[in-house]
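First chain written, first letter: the chains are A, B, C and D, and each begins at residue 1.
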Amino acid sequence: MKLTVRSALAGLMIMAAGNVAANAKDSVVIGAPLPVTGALSPEGTKLRQGYELWREQVNAAGGVKVGDRRLKVDLRYYDYQSQTPRAIQVAEKLITDDKVDFLFSPFGSGATKAASAVAEKAGVPMIASSASSKEVFDQGYKNLFGVYTDNSTFSEPLADLVKAKLPNARRVAILARNDLYPLSLANEFEKSAKKRGFDVVFFEKYAIGTLDHASALTQLRAAKPDWIVATGYINDLITIRKQAADLKVGGEAFTLINGPAYQEWISAVGPLAENVTTASWFHPVARYSSDDVFGSSAKFVELFKAKYGSEPDFTQASGSAVGVVLQQAIERAGSLDRDKVRAELKKGGFKTFFGPISFSDIGIADSYVPPVLQIQDGKVQVVAPAEIATSTFRTGLK
Amino acid sequence: MTALLELKGVTKRFRGLEALSDINLSLKSGEIVGLIGPNGAGKTTLVNVITGVHTADAGSITFNGAPIAHMRRDRIARLGVARTFQVVQPFPAMTVLENVTAAALFGGGAASIAEARDAAAHHLAFCGLTDQAGKPAANLTLAGRKRLELAKSLALRPKLLMLDEVNAGLNPAEVDAALELITRIAAQGATILLIEHLMKVVTRTARRLVVLHHGKLIADGPVASVLSDETVVEAYLGRRYAERMAGAGI
Amino acid sequence: MMLRIALPLALPFAIVAVAFVLLSQTDAYIIRLATTFGMYAALALAWNIIGGIAGYPSFATAAFFGLGAYVTAVAQNLGAPLLVGVGLAGAGAALFAGLLGSAILHLRGKYFAIASLVIAEVLRELTNSWTSVTGGGMGINLPLAKTTLLTQPQLYLAAMLFLAAAATSASMLIDRSRLGVALRCIAQNEDAAQIIGVDTRMAKTWAFVISSLFIGLVGGVYASWVTYIDPTDVYDGAMSVKPILMALLGGVGSVFGPVLGAFAYLLLEELLWRNLLEFHAGILGLLVVLLVLFLPGGLSQIRGVGLVSLPKIWRRAP
Amino acid sequence: MLWLQVLVNGLAVGGLYACIAVGFSLVWGVLNIINILHGSLIVLGGYLAFFAHQYWGINPFLFAPLAGAVMFAGGVALQYCVINHVMARPFLITLLLTFGLNLFLDNSMLALFSADYRKVLLNPAPGVFDLGSIVVPADRIYATLVGLVLISALALLLRFTQFGRAIIAVRMDRDAAALLGVNVRWTYAVAFGLGVFMAGSAGALLSAIFPISPVASAGYLSKAFVICVIGGLGSIPGAVIGGFALGVIESFGALLLGPEHALTLAFVLLIALLAVRPSGLLGRQGFA
C-alpha cells in the first residue's frame, strides 16, 4: 500500500511537471482562459469554436508571418469554471507558467475587467472578445483591446429605429439582469430612450439566477409600455420571452439582448421569436472583404459552416476576430515583441471579416456599426443600418 | 436541617396529557430515597424536570436554596445534581478515563485537565474500573457501562444523585455488586434518589419510599409503612409487585 | 506547562516561516499554488473546529468567507489600509457568527447543516441587491496592496501561510484546553455533555466564533489577492463543501488531518484541472465518490500516511 | 387586480416548485440523505422529455411518468449498488457522496448534451386561460395537475400499500423494521428510486416551461432545499404546501421589494422559520 501511494504521488508529480515543457520559439503562444464548465459554458464552447477555426486556418497557411519566419499558433486553454477569480488565476498562470506571448480575454465584461488587471501588471496585450461595457475599458489600461463596440452602439440605432417606425410610441419599459454587462446595457438604453423623448415608465433589475419572471413582467405589463427592452443572457431571455407571452404582455416593439441572435434562442422560443429585435456585433449577412486569413466575411461563414455545420453567431465570430486582429498586429510589427505589437494594435486600421477594426483611446473598437437584427419568419434579418439591411423593420408582436 | 431539594406543585404536561401533576416532594441531605412506580408513571419525567431536560409547566423547584426550575441543564449539573440514564449515555469514542475526566473537569470543578484526570482515576478506582481505564467506552459490557455512568456521576461531586434504573438489564450478581457500590456512595454523604422497578434493590438500601402512579404522588413515607399502606398495596403495588416477581423469576 | 502552551504557538509559525523563505524565491506559479494551499489549509482547519471537533456540520464557510471578502473590499474602497480591512473582515465574521450562533446553534445535525447552508444564500442575495455599497452583481474591485519589502505574490503567500499557521496553533491550543474537551463531548453526545455540566451553548458559540474568525480573515486576504470579487464567486456553495472534503480526506476531528487533506485535495484539483480541460470536475466528483466509499476515514487509513495519526494530544500524560 | 394576478402567478409557479421538491423531500425523510444529486436528476428528466419530444413527438406532460419510470430503475440501481454502502454513516458522508455523484452527472451531461439551452416547443402552443383581467398560462396548469396526480399517487402508495408501510416503518425505526422482517436494504433502494422518479417526472414537466441545461441543476436544488425547509423536512404534503408558499412569497416579494429582491424576502422568512420552527410548517416537532 505504501508503495502504491508513493508511486501514485510520484506519477502525479511527473504529470504536473510535464505541462511546463520547453517552449522553443517556433510558435506564437496565446493564452485563453475559457469557461468550459459552469454557468458560462455555452459561451465558452462558442468562443473556443471561433479560436479553433482561426488557428486551423492560420496553421494550414503555414502560420503567423513574423519577419521572414512563419510561426505556428499555439493556443493554451484552461477552464476557469465560470468563476471570475478563477479567471484571474488562469490569466496569471498563463503568463507566469505557460509564458504566453499574448492573451485572449475570458468571456464577458466582468471577467475581462478582472483579468485585464493581471495582463496590465505583466504588460501582456490582451484582446477582449466579448466585452462592450465602458466600465471595463475606463481603467486607463494600455494592454486591453476589445473588438466589440460600446454598448451605446446597440441602444442608439435601436432607439432611432423605434422612434422612426413607431412615431406614436412613448412608453419604454426596461428589465435588466443585475450583472455588469446587462445592467450597463440597460443603462445605455435608458439614456438613448430619454434622449429621444421616450418616457421610461418601468426600470427594474432581476437577480442572477432568477427562475421565474412572472411578477416582474406583471408589473411591467401594468406600466403599459409601447417598447420593451430586456437584457440578460440566453436562458433569462428564453424565459422572459415565454412568460411575457404567458402574461399577454403587449407592446409594439420587443428588444432582447443577448439571446435572439443565437440559433438556440430561436429554437427554444419558436414562434414567439417573431418580430423580436436585438443587435449583435456580427451577423453572417455581413459583406466585409478583409486582409485576414479568411479573406472576407462570406468566406469565414462558409468555412465555419463547413467545420461546425451551423452559421456562426457573434460570439463564435468574435473568437476568430480576436485571432485575426492579433495576427495582423504581429505581422505588421514583424516581431513578437509585446511593445511593438501593442503599438500596432493602438494604430488600428485592421481590415477583418468581422468589420474594420480600430480602437479608441481607451481600447474599445469604434470603427464599425453593429447591425440591428429582427427575427422574421424564424430567420434573423438585418434591419439596420440601411446599407446592409436584408429586410425592413416590422412592428407589433405575435 | 433544611431540605436539599424541594418540589412544590410541580406539573408537567405533554400535549395536554399530564405526566406529572402537582408533585410536592422534599429530600433532605444524606437521605436515600426510593422512587417506585410502574412504567409510564412519570418517574423518568420527574428526573428530567429536576435536571432541566424538561421545564415544568407549573410549580417551583429549589435546590440547596436556589430556584432551578428554569435553569439550564449544565448549570444545574454544576450545582451538584447528577443523574444516570436508564439508557446509558457515554461518550463512545473516548476512553473510560477520558469520560470520567470530562465529568470531573466540568461538573466536578477541577481547575485543570491534569487535576481532573487525577480525580477521575480516583473515581474509577472507587467504581472498580481502573483496569478498564484505557478502553474506549463503546467497548465496555453493559454492567461496565453502568459503572462508568456511576463513576461519571460521582466525578461531578454531586450533592444529589439520581439513579435511574441503574440495575436494569444486570444479572443478580451484578446487581449485588452495584448495590454495594451505591451503599458506599451513600456513605460519602450524597443524597440519593433511587428510581427502580426491582423492589429488592429499593427495600435493601432506601429507608424512605415515594410512589408515583399516573403522574401523581400517592404515597411518601418510611419503607415499611408505605409497603404496608393498604391503598398502595391493593390498588397498585400488590398486583404489580406480584406480576413483576413472577415475570422476573425472582 | 509553559511548553504545552508555547510549543503549539511557536511550532506552526516556525514551519511556515521556513516554508515561506524556501517558496518565496520560486516562480509565480508555485507561489500561487502555495498561497492557495495556505488558504485551503486555513479554511479546512477552521471548519474542523466547528465541524470536526464539535461535530456541528457547518455549511456556512462560504457565508463567512464571502462576508470577510466583502468587508475588506468595502473597507478598502472607503480608504482603509489592507491590514485594517482584513482585521475588520475577521472581526465582522466572528461577530456575525456569535449572533448567528444564538439563532441556529440550538439546531442539531442536518437541521443545523441546512440552516448554515442557507446563510450563504441570504448573504449572497443581500450583497447582490445592496448595490450602492457592494456594487451588486457587477462585483467590486479592490485597490492593489502597497508593498515595500515583499512583492505582491510574496505578500499574499506570507499572509495565507500565516493564517494557516495561526489556525493550526488555534486548533492545537483548543485541542488541549477545556474548550477542546467540551467540544469533543458535544460531538459525541450533547445531552450527556450537558448532564456532566458542560456549558454547551457557550462552547459551541466559541467554536463557531473562532472558526468564523479565521474564515473571515481568509476571505479578506483572498479578496485583496484576486483584486476583484463578485457575489456569485465568493458565496459559492463549493466553498462550503471543499473544506469538508479536505477535512474528510485527512481525517475529521484530528488537528493535522485538515492540513494533509488540504494538500491532497489541492494536488488532485490542480492536476485534474491542468490535464483535463473538459472533464476535470467530473473526475473530481468520481474521486469524491470513491473516497467516500473506500476510504471513509480519510487518507490516514492508508498505511504509509501515518503522519496524521498522532495520538490525541490531550490524552497524553502531562 | 395587480395583487390578484401576482397571487395567481405565485400559485402557478408554486405548483412547479412542489413538483421540484417532493422527490427531494421523500429521500430526505426516508433515507435521511440530503440528495445533492436531485437538481441534476431534474435536468436529466428534462433531457429525456426533450429527446422524446424531438424524436417521437411525445407530449412531455404525458411523458412525465415514463421519464420517471426510466429514471426510477436507475435510481434503484444507484442506491442499491453505491449509496447503500454508506447508509449507516453520518449524514455528512452521504451528503459528500451525492455531492461527488452530482459533479460527475452534471459534467457528464455537459459533455453529452453540451450546455446549450434547449426547450420543448409544444405545437400548438398551450396558450393561456384568460379570465378577464387575470391570465394563467395553460402549460403551468397542466404541469401542476400532472405533478399533483403523481404526488397523490405517491402519497397513496406510501399510505395504503404494504410496500408503502414498509417505507414508513423503516423511516420510523430501521432496526425495528428489520426485526419485523422488512428488507431494509431493498426498501431504501426503492424509496430512493421513488425520489428519483419524482425528480425525473418533474424535469419532464418543466421541459416545456424552463430552458434545459446542465447548468440549471444548482438552481433547482436550491429551490428544493428552501421548499423542504419551509414545508417540513421529509413531509410530502409539506413539500406541496412549501412549494406553493415559496411561489407566493417570491411573487409578492418581487412586487413589494422589486424583482431583484424577490428571493431575499423568501430567505429572511426561511431563517426566521428555522430559528423558531426548524421542523417546518408541517413537520414533526423535535430534532428527529
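Quick note on the criterion: a residue touches a chain if its C-beta (ideal position, glycine included) is under 8 Å from a C-beta of that chain, and two chains touch if they have at least 3 such contacts.
Please read all numbers here as calculations on a predicted model, not as lab measurements.
Just tell me the minimum hop count from chain A to chain B, counting one hop per pair of touching chains.
2
Between A-C and B-C, flag the pair that has more C-beta pairs in contact.
A-C
For chain C, which other chain has the most distant CA centre?
It is B whose centre lies farthest from that of chain C.
If you average the Cα atoms of chain B and of chain D to get two centres, how far apart are those centres in Å?
Those two chain centres are 48 Å apart.
From the mean C-alpha coordinate of chain A to that of chain D, what's the distance rounded to whole Å?
35
Averaging over Cα atoms per chain, report the distance between chain B and chain C in Å.
About 43 Å, centre to centre.
Hunt down the residues of chain D that sit against at least two other chains at once, touch-wise.
In chain D, the residues touching two or more other chains are 107, 110, 260-261, 263.
What positions in chain B touch 2 or more of the other chains?
If we look for residues of chain B contacting two or more partner chains, we find none.
For chain C, what residues touch not just one other chain but two or more?
Within chain C, residues 125, 128-129, 278, 281 contact more than one other chain.
Please classify the inter-chain touch graph. Allowed labels: line, ring, star, complete, other.
other
On the basis of the stated criterion, which chains touch which? Give every pair.
Taking the chains two at a time, the touching pairs are A-C, A-D, B-C, C-D.
Chain A touches which residues of chain D in the complex?
Spelled out, the residues of chain D in touch with chain A are 2, 5-6, 9-10, 12-13, 107, 110, 114-119, 121, 123, 125, 128, 130, 135, 137, 139-140, 209-211, 213-216, 219, 223, 247, 250-255, 258-263.
Please name which positions on chain A make contact with chain C in the complex.
So the residues of chain A touching chain C come out as 1-3, 5-6, 9, 12, 15-16, 19, 34, 36-37, 39, 77-79, 81, 83-86, 88-89, 92-93, 95-97, 110, 113-114, 117, 121, 135, 177-180, 183, 205, 207-208.
Mind listing the chain C positions that touch chain B in their complex?
176-178, 181-182, 184-185, 188-189, 191-201, 314-315, 318
Residue numbers of chain C touching chain D in their complex, please.
Those in contact with chain D are residues 51, 57, 103-104, 107-111, 113-115, 117-119, 121-122, 125-126, 128-129, 237, 241, 244-245, 248, 278-279, 281-282, 284-289, 291-293, 296.
Which of the residues in chain B end up touching chain C in this complex?
Interface residues on chain B, with respect to chain C: 51, 53, 72-75, 77-78, 82-83, 85, 89-95, 98, 101-103, 105-108, 113-114, 117, 152, 155-156.
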